[in-house]
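In what follows, subunit A forms one complex with subunit B and a second complex with subunit C.
Entry: the complex of A and B
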C-alpha cells in the first residue's frame, strides 16, 4: 500500500530532475546522471553531489574477515578500508574503467621502478597524520608490511609480499631481533618520506602490491597484534568510534585527516554505521524499503530479491548490473585419462551447451557466456572463441565427435565431474554438462564434495583429484585486482600448484604458459604487458585445460537517498569512498 | 530434597563432561578416521594462498599435531586454570574458565558467549511468556468448546503455526510489519534491556510473536488434548457434583492435571531455546547464541562450537532439573524419593 504513492512520487521527482538537472558536477568530471534508470550507476556517476553530512547505513550478511589491513582478503573490505586507511597507492575513485586505474594515495606518485623492475621506490606525501595527530613515516609503512608477513598471526591476508620480497629468512617483526622491529632487509627507509622495496624477481605490476591494505601504515607502538583489528589507528578521513566484533562498528570523522594531503577522497557522510551477520534476504528487503543504504558484500541481491527487482520497473530503475572480474568455469584435468589427450579435452569444449551453463547461473542476469578466461572488465582483455558451440550456442556435437576420433575415443568416454555440494548453481552446471556432453558420447558421473574442504582436500589437491579420477572440476575465480596478473597468476601458472592442496588450478600445467607469465611480469610497458596476458589466455584455451562458463554479473540495488553512486571496475561494486547521502 | 538436587547437579556436571568429549571427538577424531591429517585440519584456518609450510605452522600453533587426549586436556585445563595465548607482539592470559580462543577470529570465546547470552535470554523469555499464555489459553478454550467454530478456527491456526517454518513466517512478518506498514523495527535492531527497556521490547516484539506463533500452536494442541482427557475424569464429575463453581473445576482441577506434560515440554523447549534459537536469530539478525553457533559450525571453529554446545547443554540439563522439581509442586501425587 505504501509503494504506489512512493513510486509515483519517485516518478515525478525523476521526471523533474531529468528536465532540470544537467550532467556533470560532483565527481571528477566523469559523465553523470540524476535520472533513475537501470544501469544508471554503470560507467557514470548516478546522483552526483558534493553535499556533506548524514549517516550511511551498511550491513554485511557475514562477519568481516578482519578490519586489520594486514589480515583481510575480501574485495569489499579492500574497497571499504580506504575510508580509514591510506595505502601507498589506491584505485581511483571513479566510475567504470577509470576506477581500475591506480593513483598515488599515501605516496606522492606511483612507484618508480629500477634494476629491471626488481626495485621500487615511493616518496610519501608530507603532512599525513594518524588520528592521534602523530606524523606518518616511511618506517610505519615498512612495519605494516613486515607484520603482514606473519601468517601465524595474520593468516587471512594475501601472500604477495611473502612471495615477491627478498625476505632472506625474515618471518615477522614479533620475532625480529632489531630493537626497532625493522630488521627486514627487503625494504629500505633512507628517510622518513622514502620507502624502497627490493624484490626477488622482476615484477612490472608492483603498484598493484602497493595498493594492498598491507601498505597502510601501522604505528609500531600501537600494534596490538591480533587485537589491532579492534581499533585500527586511522590515517583516512574516518576513524573508529566503536567496534563490537562480530556485531557492528561505527566510523566517524577523523579530525586529523587533512584533505590538502588527499586528492582522492571527498568524505561526504559524517558517519558510517555497519551491522554484521545480518540475514541476507533481510538486507535486500531493507535496501528496497530504504532502511539500509549499502550491502557491503557488493555481490548483488539474493535470488528472491532479484526476481522482485527485475519484475518491477520502478525497482529495476534503482538497480545496476555490474560485470565482475570473476569467471565460473570448469577445470579439465589432464592428469586423468583420457583427458591427458588435448583432443579429448577439446571434445569437451565443443560439446558443452553454453546456454545451459549460463542458465545454471541465473541466465543473462547471472552473467555473460564466457568464451575465454579473461573477463571483459580486465583492462586489455580480448574476447575470442576458439570452440564455437554451434549456431545456438548449445554445443557442436559434430566437432566434438571429430575431436574424439583424433583422441582415439570415437565412442566417447566416461569420467567424473566434481562440484561443491552446498552450491546449487554448481550442481545445476554439472547436470547441464552431463546432459550436453552425453550427446557426444561423453558420460559424466557427478561427484559432490563439501564446500569448506573442496579445494583444500578434494578438487584442489593434486593427488586426490588424480587418484579419484576427477576429470572435470567445477570452479570459480575472482581477480584480486583487475589486471592480468591479479586474475590469471593463481589459475594458470603451474608453479603455484601446491601438493598440500588448496589450489584453484590443478589442470593448467604448460611450461609455455609459465614462460608467458614470466614475460608479462617483466614487461613494464602497460600495453605490451596486457597483450602478453591475452597471449596467456589464448595459450590456455588452445591447450583446452579450462572450459569457460560464465563471466559473472551482480545485480546491485541503490537506495534513492544515496548520492555519487557508481560501479568501479577496481572492485566491480559500488565505490564506497565516493558515496554520500541525502538522508540527514 | 537437598540430596536429590545435589545428586542431579553431580549428574549434570558429568553429562556436560560427556558432551564436551563427544563434541571434541566429532570435531577431531571423525576427520582423522576419514584420513585427514593435522595439516588437513589446519588448512581450514589459513588464507587461500597458504603453502604447505604455513599450513603446518598453523597446525602446530593450534595444537593439532599433539595427540587428541593432550588437546582435550588442554581444553579442560583452560576451563579450570586458564590459558595463555599469543597475540603476536605479546602473550595474554585467558583467565579460568577459559573456553579457548576462536580459530578464526582469534578472540576469546567466553566474552563472546556472555555478550550474546542476554540476546538469547531476552528472545526466549519473551517468546515463552507469549506462547505459554496464548497456547494454554487457546487450548483450554478449545477443549471447553469442542467442535465449536472457535475450536476449529483455533486448531486450524495452530496447525498452520506448527507447519510453517520460522524463516518463512519471520521474513513474511518483517516484510509486512517492518517494511510494509513500518510499525515494527527492521531485522537486526536489537537494543539491550539495560540501555532502554522500551526499545528492547519494541525491537523484540516481532521475533517474540513469530517465535510464539510456532510454539503456541503446539501448546494449544497439547493443552486441548490434555484438557479433553482430564475433563472426562471421574474426579471432575465429583468436583462438579460437590457444587464447585465451573471456573474452579476447570482451573484448579482440570488445568492443573493437564499441566504436567506441558511443563515437561516447556522445560525442554525453553532449555533448547536458551542454547540458541538458531532460525529465529538468523532470520531477525539477532546476535544471540544461535547465530553464533551457526557461524561457528559453518567456519569449523571448534572452540566456539564447544563453548556454545556446553552452554546449550547446561541450559537443557538445568531446565530439566527445574521441571522435575516443579512436578512435585504441580502434582501432589508426585513425590521425590
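Entry: the complex of A and C
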C-alpha cells in the first residue's frame, strides 16, 4: 500500500494523508448502536460506554514523525496528541460531521477576531496544570508557537504560523535575545490568561491554526529542544510513562489533569501501549484476531486484509468504510493546444469513464466517484455534476463529440498524459483514461515521470509541462484539515504557481477564481465562507481545468474489545480520544 | 586456403577420438558440423530446450506481425465486467481463467493475460535478440583485434573491457532511460524506448564475449594455418575475417545462446523498475512489476509472466549448454 506522504514542500500547506471519514455523515452525533454492522462506526457511536479502566494497545507500521507537538505533521498524530496535550482549540470528539467542528480546549471560547480578522484573541481556562502541578500560562503557549517557527530544529511541522504571523524577522526562541525567550512581537500576552495573535493579512479561518499541536503549551524551563519529544510535559489526561524512540512508548493517567477544566475528554482507559515499526500485514491480522486495538495510521487495512474482510460477512460487519478529505484527480493543462479551448477541455470531462477511474483506485471500496473538487466530508461542501458522464457513468461520447465540434477538432486530437511512475493506481488510471477518451477520438500517449521530481521538475514546472505537451496530468490532494482553505487554496489559486516548479496547482489559472479565494479568506462568517468555497469549486469546474476522479475512502477494521468507536470527520479516522476498552 | 569448419581433413583441432565415437561402423568422412549435429541430437534435454526456443521464437514473430502490423491482439481491451468491483480482482478462481481467457485476466482492468503475454514475448525476445547481436558484434570485433594484434592495442582494449565490466550498469541504465526525451535520434514512442533498451543492454555487455573471443584468438593466431596465410602474403583484414573468424564461429554461437536469456532477464529487470517500454504496451518485466502489487490477493497474475520468463530463460540455457557440449567436446 501507499505510504502516507509527508510532504512539506509547498509553503503554506502540505499534502498529508488524512485518514478516513464518515461517508454517511448526516446521521448526527447523538445516535449510537451496539449491533455490529458494516459502517456501524460511521456517523454514529458504536458500542457506547462510560466504563473506565483497561489498556488500549496501539501499533504503528512506521515510526512516528515526532511526538513533539511542534514537529509533527500526520493526521493520526494530531488526533492522538490530544491525549497528552491541550491546544487552544480542538476538533470535537464526536462522530461524523460534528467531529469536524472546532471547540475550545485550552481556551475558554473560540478566537475573537478584530481589525478585519488580522488580530485574534484567546482567553485561557483557569486551573489547567502540567503533569508536575505547575500552572499553564499564556506565555507557555506563546513560547510553544515560537519554538514551532524554528524549522531547522523542527523540520516536520506545518508552516502556517511562519507564513501568516507578522514575524518581523523573528526566527527562533533559541536565537532570541530576550531573557525570557519571548521576543516575538506577533504574539502578545497581556496577562497569564490572555494571548493575542497579530497576522500579516486578514485570515478568517485562524481557529484552524489554533487547533494545531503547536499551540500546546511548553514550559520554557523544561524545553530540551530536539530531545523534548522523549518526554513531552503533559497537559492532557495522560502522561508519558516510558518512551523508547523508534520502538514503543506507554501513556498512563496524569493525576494533575482536572476533568472540571476539560469538557471534551472522557479519558476511559488507564493506559495506552504503543508499538512502533510493526509489519503492516501483521497489524491487520492482530486487529482481526483482537490482539491489537488500533492501527494508529488510520488509513485503512492493507489489500490482503481488505480481501479477507470484504469476503467474509462476519468480518465485514466489523468494518467501516469512510470518505477521506482527499481527491484523486487529473489536471487539464490549458497551456497545451488544443486544450487551451474550454470546449476541448469539456470534451475530456464528458468522455471520461468515471467507473474506470474509480476502479483504478480500488472500486467503491477505494473511493466514491467525484464530480467536483470539494470532498463531501468537508463542511459546507456541495456535490454537483456539471459534466454527467452518461447514464452508467462510463462516459458520454455524444456530448464529448459535440464539444469537440465546437472546439474545432471534430475528429478529436492527440495529447499526452503524465503520471507518477511509482504509483500503480495512477498508471491504471492513465490506462483507463486512454481507453475511454479513445472512444471520442482523443488519443492519449502515456508518459510516466519519477515520483520524487514529479512536481519539482516535470508536471509541476509550467514551462516543462507546456513544452512537452503534457495536456493531462494525474494528481491528488488531501487537506490538512476539513475546510475550504485547507483543501482548495493550494490547488486552485493561480498566484501560488511558481515558474521554478514545485507547484501542486498544475492547471487552474483564472483571475475570477483568485478573486473568489480572496473573498473567502476575509469572510469571517462561517456559513458565508463555506458558500464562497463552493463558488470557487463551481467556477473551477465551469472552466474545466480539473477532471475529478475519486473521493478517497479507506476500510477501517473495528476490533472486538473497543467501546465508543466512531469515525470523526475532523481526522477522518477513528477518534482516538473517545476510545474505551472492555479488556481489563 | 583453409576453412577448418568445413573441411575435416584440414581441421587442426578435430579430435580423432570424437570422430571415431561419433561414427558408427563404416569409416566415412564427416564434417565437424555433422559431428556436432549428431552430438546435439543425442542430447535430449538440449533438444527439448531447442524445440521450446523454436516455438517461442515463432510465436514471438507471429505476435509481432499480428499485433504490430494488424493490431489483432486485444492487449489493451478492458473487461471490467469480469472484475469483482469490491476487491478489483478477477471474478472466479485462478485469476479469472475461462475459455475466453485461458490464462486469466489482469486485476482492475480485466485485460486478457494470454494476449499480453503473447504480445509481450515479441518485445522481450526482440530486445534480447538485438541486444545480443549488438554485444556479439562489438565483442567479437574487439576480441579478435585485441587477440590478434596484441601489444598496446591489446592493452588498450583489455583495459576498456575492465572499465565496462566495472560499470554500475543498472544504475546507469536507470539514469539514462530517465533523461532521454520522448523524441530523440529521429525516433519516438515505443520504437525509441526499444532502441534505447537494446543499446543499453547490448552496448554494456560486449566485454564478456569480447574476453572469450580474445582468448580464443590468442591461441588461434599461433596456429600453422595463420602462419601459412601470412607467408602467402595475405593481408591482415583477410587473416582476421577469413582465417580467424570462421574458427571462432562455435564460441560465438554458444555464448550468444547463453547471452540471450541473460538479456531477457535484464530487460525484465529494467521493465520491472519502470524504465522499459511505456504502458499500455506489455512486456514481461512490466507485467511482473504490475503483479507485485497484487501478489497477496491475486497470485495468479504474478505467476503468468513469471512462468513465461522462467520457461524461456530455462529453454535458452539448456539449449545453449547442449550446443556448447556439441561444438566443443573438450568442455564436457
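Basically, the second predicted complex is superposed on the first by the 541 of 584 C-alpha atoms of A that agree within 3 Å, B and C clash if a C-alpha of one lies under 4 Å from a C-alpha of the other, contacts with A are read in each partner's own complex, and residues count from 1 in each chain.
Simple rule for what comes next: a residue touches a chain if its C-beta (ideal position, glycine included) is under 8 Å from a C-beta of that chain, and two chains touch if they have at least 3 such contacts.
Quick caveat, the model's predicted, so the values are computed rather than measured.
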{"item": "First, second, both or neither for A:168, with subunit B first and subunit C second", "value": "neither"}
{"item": "Superposition-derived comparison: subunit B or subunit C, residues of subunit A touched", "value": "B"}
{"item": "First, second, both or neither for A:307, with subunit B first and subunit C second", "value": "second"}
{"item": "First (subunit B), second (subunit C), both or neither touched by A:247", "value": "first"}
{"item": "First (subunit B), second (subunit C), both or neither touched by A:443", "value": "neither"}
{"item": "Partner chain in contact with A:180 - subunit B first, subunit C second, else both or neither", "value": "neither"}
{"item": "First (subunit B), second (subunit C), both or neither touched by A:427", "value": "second"}
{"item": "Partner chain(s) touched by A:362 [first = subunit B, second = subunit C, both, neither]", "value": "second"}
{"item": "Set of subunit A residues, in rising order, touched by both subunit B and subunit C", "value": "281"}
{"item": "Contact footprint of subunit B on subunit A as seen in their complex", "value": "1-2, 59, 62-63, 66, 73, 147, 150-159, 172-174, 223-227, 244-247, 275, 277-279, 281-282, 285-286, 288-289, 291-292, 452-453, 455-457, 490, 496, 498-502, 504"}
{"item": "Touching residues on subunit A, where the partner in the complex is subunit C", "value": "281, 302-304, 306-307, 310-311, 355-356, 359-360, 362-366, 421-422, 424, 427-428, 430-432, 434-435, 445-448, 450, 468"}
{"item": "Parts of subunit C lying in touch with subunit A, wherever the complex brings them together", "value": "76, 78, 80, 83-89, 108-109, 178, 181-182, 189, 274, 278-280, 290, 293-294, 296-297"}
{"item": "Subunit B to subunit A touching residues, read off their complex", "value": "36, 39-40, 43-52, 54-55, 57-58, 61, 86-90, 105-107, 112, 115, 171, 174-175, 178-182, 186-188, 282-285, 287, 291-292, 295, 298, 300"}
